[in-house]
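Below you will find the structure I want to go over with you.
Chain lettering (A, B, C and D) follows the sequence in which the chains are written, and residue indices restart at 1 in each chain.
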Amino acid sequence: MFHGVIPPLCTPLTDDGEVDTASLERLTGFLLGAGVHGLFVGGSTGEIAQLSDDDRDTALRTVVATAAGQVPVLAGAIDTGTRRVLDHARRAQELGADAVVVTAPFYVGIGEAEVRAHYELLHARLELPVVAYDIPSNVHVKLPSALVGELAQAKVITAVKDSSGDLEGFQKVMNGTAGSGATCLTGSETLADLAMARGADGIVPGLGNVDPHGYVRLYEAARAGDFAAAREEQRRLTALFGIIDVADRGRVGPISAALGAFKAALASRGVIACARAQEPLLPLTADEARRVSALVESAGLSRVG
Amino acid sequence: MFHGVIPPLCTPLTDDGEVDTASLERLTGFLLGAGVHGLFVGGSTGEIAQLSDDDRDTALRTVVATAAGQVPVLAGAIDTGTRRVLDHARRAQELGADAVVVTAPFYVGIGEAEVRAHYELLHARLELPVVAYDIPSNVHVKLPSALVGELAQAKVITAVKDSSGDLEGFQKVMNGTAGSGATCLTGSETLADLAMARGADGIVPGLGNVDPHGYVRLYEAARAGDFAAAREEQRRLTALFGIIDVADRGRVGPISAALGAFKAALASRGVIACARAQEPLLPLTADEARRVSALVESAGLSRVG
Amino acid sequence: MFHGVIPPLCTPLTDDGEVDTASLERLTGFLLGAGVHGLFVGGSTGEIAQLSDDDRDTALRTVVATAAGQVPVLAGAIDTGTRRVLDHARRAQELGADAVVVTAPFYVGIGEAEVRAHYELLHARLELPVVAYDIPSNVHVKLPSALVGELAQAKVITAVKDSSGDLEGFQKVMNGTAGSGATCLTGSETLADLAMARGADGIVPGLGNVDPHGYVRLYEAARAGDFAAAREEQRRLTALFGIIDVADRGRVGPISAALGAFKAALASRGVIACARAQEPLLPLTADEARRVSALVESAGLSRVG
Amino acid sequence: MFHGVIPPLCTPLTDDGEVDTASLERLTGFLLGAGVHGLFVGGSTGEIAQLSDDDRDTALRTVVATAAGQVPVLAGAIDTGTRRVLDHARRAQELGADAVVVTAPFYVGIGEAEVRAHYELLHARLELPVVAYDIPSNVHVKLPSALVGELAQAKVITAVKDSSGDLEGFQKVMNGTAGSGATCLTGSETLADLAMARGADGIVPGLGNVDPHGYVRLYEAARAGDFAAAREEQRRLTALFGIIDVADRGRVGPISAALGAFKAALASRGVIACARAQEPLLPLTADEARRVSALVESAGLSRVG
């Protein structure tokens, strides 16, 4: 059902912190124009953790309307417990999402049986397909690969997005879900060529906001079996990914550094109007933003439109 | 402003998972009757991570109405980002809470500057006092004691609740907030006597749902300087706290084990009608619940009413 | 068998990095003069991780000779596997140690069954008593309190040294070893009064090198049931412990900061000749050493001899 | 200098726990016969953490003698501090090793400056080349990729062995060491084809004890640019690597499970006489060993000799 390049969209904001729907429409159009195969609204890169419920709705509504059915729209339903996720997922369905992306419960310490119950309950009560989202850096628990395999074989989940950075684990997931029809997506910006070589069905790269054409080329090369070309594209994209290391990490945390860089790059390409991130995240300094722009240019990316 | 024993209330549920307001009124009355000095609605023990927004509202409304101003009611406003916390906090204010309890942002990786900005923004935009909540087991970052001290001295926070289990860090917090007027509350069930001996202003024990009289006695003894009596009470309560180790941890995770035990104990004392926890948490087995009952009895606790 | 204040001795070095036996004799005499109840050679504070086998022998031989049977001498036998620990322990016995202090195996990932086997094998093959050493910050696994209790009840271990900083866990250890005759020692510099209030038999404080009189007073007060006096002494010692926060932690790691401070303080008190630490640890800067000296003075400590 | 397949040799033991030199000679010959390009004695797989100094010497002496200069022999010099590593490294040089493999200091908490000093001191005082060994699962600190690059460019280290499982980090290491002449080796059993595709110079797989022919084929295919063939070989080897998941992990820890499986497989292939591991590691049960044998057979591996 899902495959190819599915960028987790940034949520552009106005200077006063509201969702900038004009910029978000432009970003959506930019991604569609590059040939992406799906759109993921409400990931970490979309600042789901910082947006209010209203902001989340506005973002999803805008992307669904702009995409107009050209590609599937996945919506994050990320929260600490099953009932909360259900409420978000039902709202996403009303707003036109094609699937929801769901992590294990977090904040309190749960066990594998509760994780299993969480997905089974969601599946039983939702009409939308559920994508299991493995992001141990945020959830602080890794989805066990055996459990993912079982949930896929039982059709409880439709796909898995692996943002663990652990290719060995992702291989186990691909082995365990084989034959289930579930698709396996990597969330890695820098190991996408390798994940594709191992049999991934698609890529969900935050950096895909900035250079969707690059990831589409990488994906198409890999699909055609030309892994040398995929690797060359990956090499360029990995260098570009250096933009997340520009911010002074003594000043800001990792998420401000990464999101700030993506947004600064999108602003420098003329896709979005303003690079601010949602509170309490901190933006790049003007000097850091200039260094991001320089890296964007040296990756061969020009201004859009 | 806040002091003494402030139990984080369990949220009793009906058999079909709705908030059991009759049981919650009974629990609130039971705690007030024991002489607690405040009520905390919406902590981990209150299953805030599992309750829907509607359920959270119902619980807070019920407790505020039952307390009827006899003691302050603190409400958890626990979410991943500042705007989301603001929305919860404003709702809590509408419903009559006297303060909100707020962790650092979680789920995405943030730095100290963002944590500081988070609390400063909340303080600037809220009328309610803010209690900083340090619970590294859930948030996966410890609130730096120096930052807590600065926020207290600047009147950005009114109190701190320390559930880190780290008495050395709590001592630093008490030293750093000295003279600010901020109160320092420990969240430890088992080190409460020691925290009081070191100068804590109060205790927020999940086990206080089950044995509020015990914690009130411990607190009063410590306030009177009788640390030997406080220690004796602590010894009994620590043994009672063994109820959280009854559940088979190969079957369920730590939060199911702890909440399941608290609720089984409350049911066995006749305070609440049903011991189920909110999905995806799993309840104790009937046999485990019987073992909890036996521990409750051997701690000298009888059926209520 | 072991009780009271048992400082983990620093290992003074000469300017070229050899064990400075004259300074070590002076340090030993200084501690004995303060009334300590035992001496621990070869802990982290003794730089066991940095000393060669020959240096370790020299240090132990020197302390044993200087102590001359006045108090027991414990020797660290810290290594990654059972056979290696056995070799160190037998050497310690030859050199006159009264007991060996042994962590769980580290470096490779082991399970509880292997930890149990480790201690049982050591007990079976050694004549010296074995002290179990729980220091999760170094070993990266916590000794399970239930296991410690079983090993104590089976007389496999004679004592436990808890440097976990986790008083709740230490309480479980004390409960589990009760009646076994095993003694329970805390390694905490800053929670020693509380550990004593809960029933600890002794204290193994690195800071005891610098202010052994203070810890002896704290211990004696607590033994006499005067916990208020113990707390006052603890308060002064906790302030003094601030010397470990003097070093610029952007420049050096935690162990260089702590050891560097202890040695700078000992040098400023005239107990040892040179404050250098063993490679690759880095010493304090001259300015940092001056700030340590100032803190030592403001804690009321004067030059010795 | 180093390249290709360099298995970290198991250390076969007799029934009473002594080094079984006959089996070790046979294992060495088996590996050389398969065409490996180097031999690594004294890694985790060689139970360096469990072997006594004498056992380590015996193992290294045996392998050096059997290899007789056909391929380079690398020796682990794994210990907690610089002086200790120096002593091990000098001994390894006396015994004929061609290089030493050295981790960052461990057990105590050190900073980056101390790690840098550690490698610089070793380089200054040793004649043997130093291979930096990044194994965060054991050392609990990751070697920063920028530091590895600097040490390589300064000729302080000759090679790096990456056992982090983090291909993104390994890519940074390969980028940072480019042009320095340092060789980059992966320690991954299951991502070896991908590491080779990204430009690794060699592989140090524990599973290479069991199936050296497979890893040599994988390496040769990758060197020839035939990554499809490398991937096929990898697939078979990854399935074989399932032997480390046979042991009941409720009974034993990860290192007993992995080493026990390697040794059981080598015994079932007739290469070594006895599958026991060194204390306190626990062997597989007879039933587990039979299941390992079955997996070995289904991977197409037959009895040797």
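Basically, a residue touches a chain if its C-beta (ideal position, glycine included) is under 8 Å from a C-beta of that chain, and two chains touch if they have at least 3 such contacts.
From a predicted model like this one, the values you see are computed outputs, not experimental measurements.
> Hop distance check: chain C to chain D, minimum number of steps through touching chains?
1
> What chains touch chain A and also chain B?
Common neighbours, chain A/chain B: none found.
> For chain A versus chain D, which are copies of one sequence, does the interface use mostly the same residue numbers on each side, meaning over half shared, or is it different?
Comparing the two copies, chain A and chain D contact each other through largely the same residue numbers, since over half are shared.
> Which chain's mean C-alpha position is the greatest distance from chain D's?
Of all chains, B has its centre farthest from that of chain D.
> Going by residue numbers, if over half of the contact pairs line up, that's a repeat, so tell me which of A-D, A-B or B-C repeats C-D.
Among A-D, A-B or B-C, the interface that shares over half of its contact pairs with C-D is A-B.
> Just give me the whole-number Å value for how far the CA centre of chain B lies from that of chain D.
49
> For chain B and chain C, what's the span in angstrom between their mean Cα positions?
36
> Name the touching chain pairs, please: which are they?
Once each pair is checked, the touching ones are A-B, A-D, B-C, C-D.
> Can you list the chain D residues touching chain C in their complex?
44, 47-53, 55, 78, 80-84, 86-87, 105-115, 117-118, 121, 137-140, 249, 251-256, 278-282
> Sort out for me which residues of chain C touch chain B in the complex.
Residues 165-168, 171, 188, 190-191, 194, 197-198, 227, 231, 238 of chain C touch chain B in their complex.
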